[in-house]
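Across the two complexes that follow, chain A remains constant while its partner is chain B and subsequently chain C.
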Partner chain A sequence: MASTTLTAPVETTAKTRTKTPSWVWSLPPVAALAVVFLYPLYLVVEQSLRPDTGGTSLQPYADVFASSAFREALGTTVWLAVGSTAGCLVLGFVLALVIAFVPFPGGKAVAKFIDVFLSFPSFLITLALLFVYGQVGMANGLWTDVTGAASGPFQFLATPWGVLLAEITYFTPFVMRPLLAAFSQVDTAQLEVASSLGARPARIVRQVILPEALPALAAGGSLVLVMCLNEFGIVLFTGAKGVTTLPMLVYGKAILESDYPGACVVAVVNVAISVGLYGLYRVVSRRVGA
Partner chain B sequence: MAERSSGIRFDRVSVAYGGGGARTVALDSLDLTVEPGEVMALLGPSGSGKTTALRAVAGFVRPTSGRVLIGERDVTDLPPHKRGIGMVVQQYALFPHMRVEDNVAFGMKAQKVPKGEIPGRVAEALELTGMAAYAKRYPRELSGGQQQRVAIARALAIRPGVLLLDEPLSALDAQLRSGMLAELARLHRELPDVSILYVTHDQVEALTLADRITVMDRARLQDVGTPQDLYRRPRTEFTASFVGNANLLPVTVGSGEKGTVSFGQAELKVPTQDVAAGATATLCVRPHLVGLGDGPNSLTGEVAEVQWRGSTHRLFVDVDGHRVKADLRELREPPALGERVTVHFAPEDAVLLAAGVAEDG
Partner chain C sequence: MLVHSKTGRWATWGVFFVLFLPLFALPLLVILAASFTTNWSGALPSGFTGAHYTAATSGDSLSALTTSLVTAVTASALALVVGGWAALAAASLKKTGRRLMDALFVLPVAVPSVVVGLAVLVAFSKPPMLLNGTRWIVIIAHTILVTAFAYQSVSAAIVRLDPAYEQAAASLGARPSYVLWMVKLPLLLPSLNAAAGLCFALSMGELSATMMLYPPDWMPLPVQIYAITDRGSLFTGSAIAVVLMAATLLVLLAVSRVRTKASYR
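Here is the complex of A and B:
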């Protein structure tokens, strides 16, 4: 009797569980994602296929691709993103290397500051650079005070190089963070043994540390690349009038020209480039075993 | 395989960390010479300074004072990569992204050995360590013992005069450790010119492998000698207890007949030693030299514990408030707890340690 009483609920529970397929539990989050993200994205794609003349066609794509402004923005976006990513990788690797392996007073505080830096908005860094290198910034002010010249030599902030500097300054910590985590996992005994075998520091960095940091470097680099492709605030705040990136073009077409199909085409291209690069990263990282 | 034979000399080497009140002495005036081709074990508990001494030779620790010499060369101020030593550490420290052959070739490439020479030397080192069949594998595809063999091959491939082994067998299980000990002994027979500094806290490894053992404790050298000397005639209580876990009995040297000491109510005969009559001293007797039953130096006490260890029994007998350990061949009928038994040892098997020699070496 007792055994009957005990086994009955267990059987019931088991039956109940087999009746509810596990995929059902994934429905609520998928539905939420669809409502807040996929549906708006669908609307953007749909709008990109509806020219002002009515109907559904690829005419908006043809128009946008034919315009020199788009091609210029695409080129600018890609070279700025690639250049910034390369700069961030080099600078981030060197700085992370120093913080992780060269003991100096305050090293831990600097590592902690990297985390804080990640929470800063991008325009803040650009604003700070404006204070230093802007037309009426500290550097030019110092120059004009000392030389008596009418203007200072630092006029690069409103050029693509200014955007590049601002992006490298802002995004480098995004490379450093995963690198520092990876470096903390490197067995220091490996470095010591390498050294005892006759390897100089440069060889140890190249042949021992770098290969082990590659997955982190790839992760940080791809993140920065995608963020640079979509960066808006930095370009806007530098006031670089000649620098038009895809996000700036979307803003211009949608807000200033009220060309919504055109804006949506550029936005779709931007998303396609981002997703494509992310896919490329996944393929490459799988190949290197990351 | 070794290109040159170099000894190691510690010339009053001290290492200290921190400053002021927080100053920690990790190594205190170590004076020690490792002869060319000798295997010297640095044996001691954690924090005894043995690893610091090894790291001072490797160049990873800068002595606060004193000099480190490899051969005739003062290497105190040389960076590690210029010292030309091989090093094997507890966790193998193989480069995980390199195949076995690339791990072994790493040192030679770093030292700019002619390219044509490297494959032959890699093969030679792997052959020596029995790992030739695994040249194309990655470290993750090897067992712990195999990884350690590769680490040894990598260290030997650069043909060092000095090989530093830092607890190389600690990460292996007991069976593998025993096998690797035999391998290391064979390697040293095949490479008699390589001086080996072997850091361990395991007395069996030190006794098995070393030509001489340096016993360290609290950053200082406590004792140095051949394994047999340290085991049979330890100079200090620390050596006696750390090497072989000896019985240490507090005794008073008799004023009457020479070579007699008193332990509680018992009068014991010991080898004649230069200890003043009436002085307190410590009598050291190895557990395996203590027998059950009446004999020349008999002690009667109560059995406090009996441990069966397969081929032996270890008895713990409380005699006059002191616990005496006896390792006996497996007993058919071991005594019961609380039973009164008599144990004995031969006078020539005891060593009398004078008070004051105890800890400061």
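Here is the complex of A and C:
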């Protein structure tokens, strides 16, 4: 490197550098974020307080909270999210356990497949389930072929159970990834010792592996909980009239009914729940260092 | 090794594949199979055809593919600049400032995408920022959503960066902009690449916010898939879905190749 290029600029920057404190550099991206995201969010809150009749009041909130559609959507959203998260945790734990501690040839490929799986959009799962469990899909086709019945027993796709199955399928990899990372930190010597002392696999899992995995489980679980609360594509593709979640309600009110104050109220409630839980997730994952 | 007996191991693997294959491998295989099928009203698809791919790569679907690609590339590039800049700026702040930046830039992950779409729709439907009906409203929404991920992965990489390199450069008299451009950014290149791939994949598959605000002449692939399957053309929808997955995978593959090259520097 030529020394001439180095000496000249240093003096000039020494002067300008002292003038600009480092926080100034964070202003442009924050300003950009404020214009396209924070200000729009504020507008949503503002609009939620402005009924069509004019003025500022809490009337839209009262109306929405009183409607049975909203209460049902809130209940459905919460139980679907909690159920999916529980399913993902159990399934993800079992699958990650096998990949990490009962290794088999091709296990690496399976882990890679899971990474790829994460990069696909969620609604593809529902699309696939239509072919597997749909009215004339594989499962029902097999059933009618074997038993000769007119229709198969798998009619759950348009019910909340179909959404639950799709969500568990799609979100389990999000639990497995942090778990696999945590399992790779576990000292296998511990397992060998426990096993040579006569502990059975179930006991090793309970007393050696599970404590190590708890932080990753907590982090993955709360992330999945938030993502399930916010999931839209899976529910939209199910096309079930009976399954309305909060994001679906926002979409329905805003786009289908053009009821913007109502949509904004539901949006504010949804944001409050999700951001609250996400804050909790950040605190938990920072505490446990996952 | 957790299970020592041979039968026990086989049983465990059996359970694993009984869970794994139907849940994760089957959906993707089914979509692939359906995209080549003329008729599926039994256990197995029947009739082989490539016609769905002709439909998936022509007319509306082709323009949806280019729409998605343009949107994803633009949104990822913007997100890398804004998110990378924010992450670099946050790294030089003190603890409180950094926490604040973290909270601000991660917020779009926590806010439901549908609400991000609604907020952008509400804000950009009136002057002075009247963008409703243009492609920019879609690109802005995608950028907001993926910037959070770009920020997270770049700031995670900055934490792992060895400060000795920039200290050495600075002690030799390099000015901050030179350190940033010649030392920090090259070292961050692998993670910037990974972030670009992540942003691209997310933007390609984005449906929730897009459903809220896409104009008729700027319809990305996921919306097209929804519109077509909603009309009952499940097989064409599957073919478009395969095109979507293939495009995403190709870009991810290209990005990971660049990454391995960069990490040898």
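The rule is short, and it goes like this: the second predicted complex is superposed on the first by the 263 of 290 C-alpha atoms of A that agree within 3 Å, B and C clash if a C-alpha of one lies under 4 Å from a C-alpha of the other, contacts with A are read in each partner's own complex, and residues count from 1 in each chain.
The rule is simple: a residue touches a chain if its C-beta (ideal position, glycine included) is under 8 Å from a C-beta of that chain, and two chains touch if they have at least 3 such contacts.
Keep in mind it's a predicted model, so treat the numbers as computed, not measured.
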Partner chain(s) touched by A:195 [first = chain B, second = chain C, both, neither]: both
Touch count on chain A, higher of chain B and chain C: C
First (chain B), second (chain C), both or neither touched by A:187: first
Touching partner for A:66 - first (chain B), second (chain C), both, neither: neither
Contacts of A:283 with chain B and chain C, given as first, second, both or neither: neither
First (chain B), second (chain C), both or neither touched by A:211: first
Which of chain B and chain C A:256 touches, first, second, both or neither: neither
First, second, both or neither for A:104, with chain B first and chain C second: second
Set intersection of chain A contacts, chain C complex versus chain B complex: 195
Footprint of chain B on chain A - complex, ascending: 187, 189-190, 192-200, 203, 207-208, 211-212
Contact footprint of chain A on chain B as seen in their complex: 58-60, 79-91, 93-97, 106-107, 110-111, 151, 154-155, 158, 164
Residues on chain A engaged by chain C in the complex (per definition of touch): 6-7, 9-10, 13, 17, 22-23, 25-26, 28-30, 32-33, 35-41, 43-44, 47, 91, 94-95, 97-99, 101-104, 110, 113-114, 116-117, 119-125, 127-132, 136-138, 141-142, 144-145, 168-169, 172-173, 188, 191, 195, 201, 204-205, 226, 229-230, 232-233, 236-237, 239, 246-247, 250-251, 254-255, 260, 263-264, 267, 270-271, 274-275, 277-279, 282
Complex contact set, residues of chain C against chain A: 1-4, 8-9, 12-13, 15-16, 19-20, 23-28, 30-31, 33-34, 40-44, 82-83, 85-86, 88-90, 92-93, 97, 101, 104-116, 118-124, 129, 140, 143-144, 147, 172-178, 198, 201-202, 204-208, 211-212, 222, 225-226, 229-230, 234, 237-238, 241, 244-245, 248-249, 252
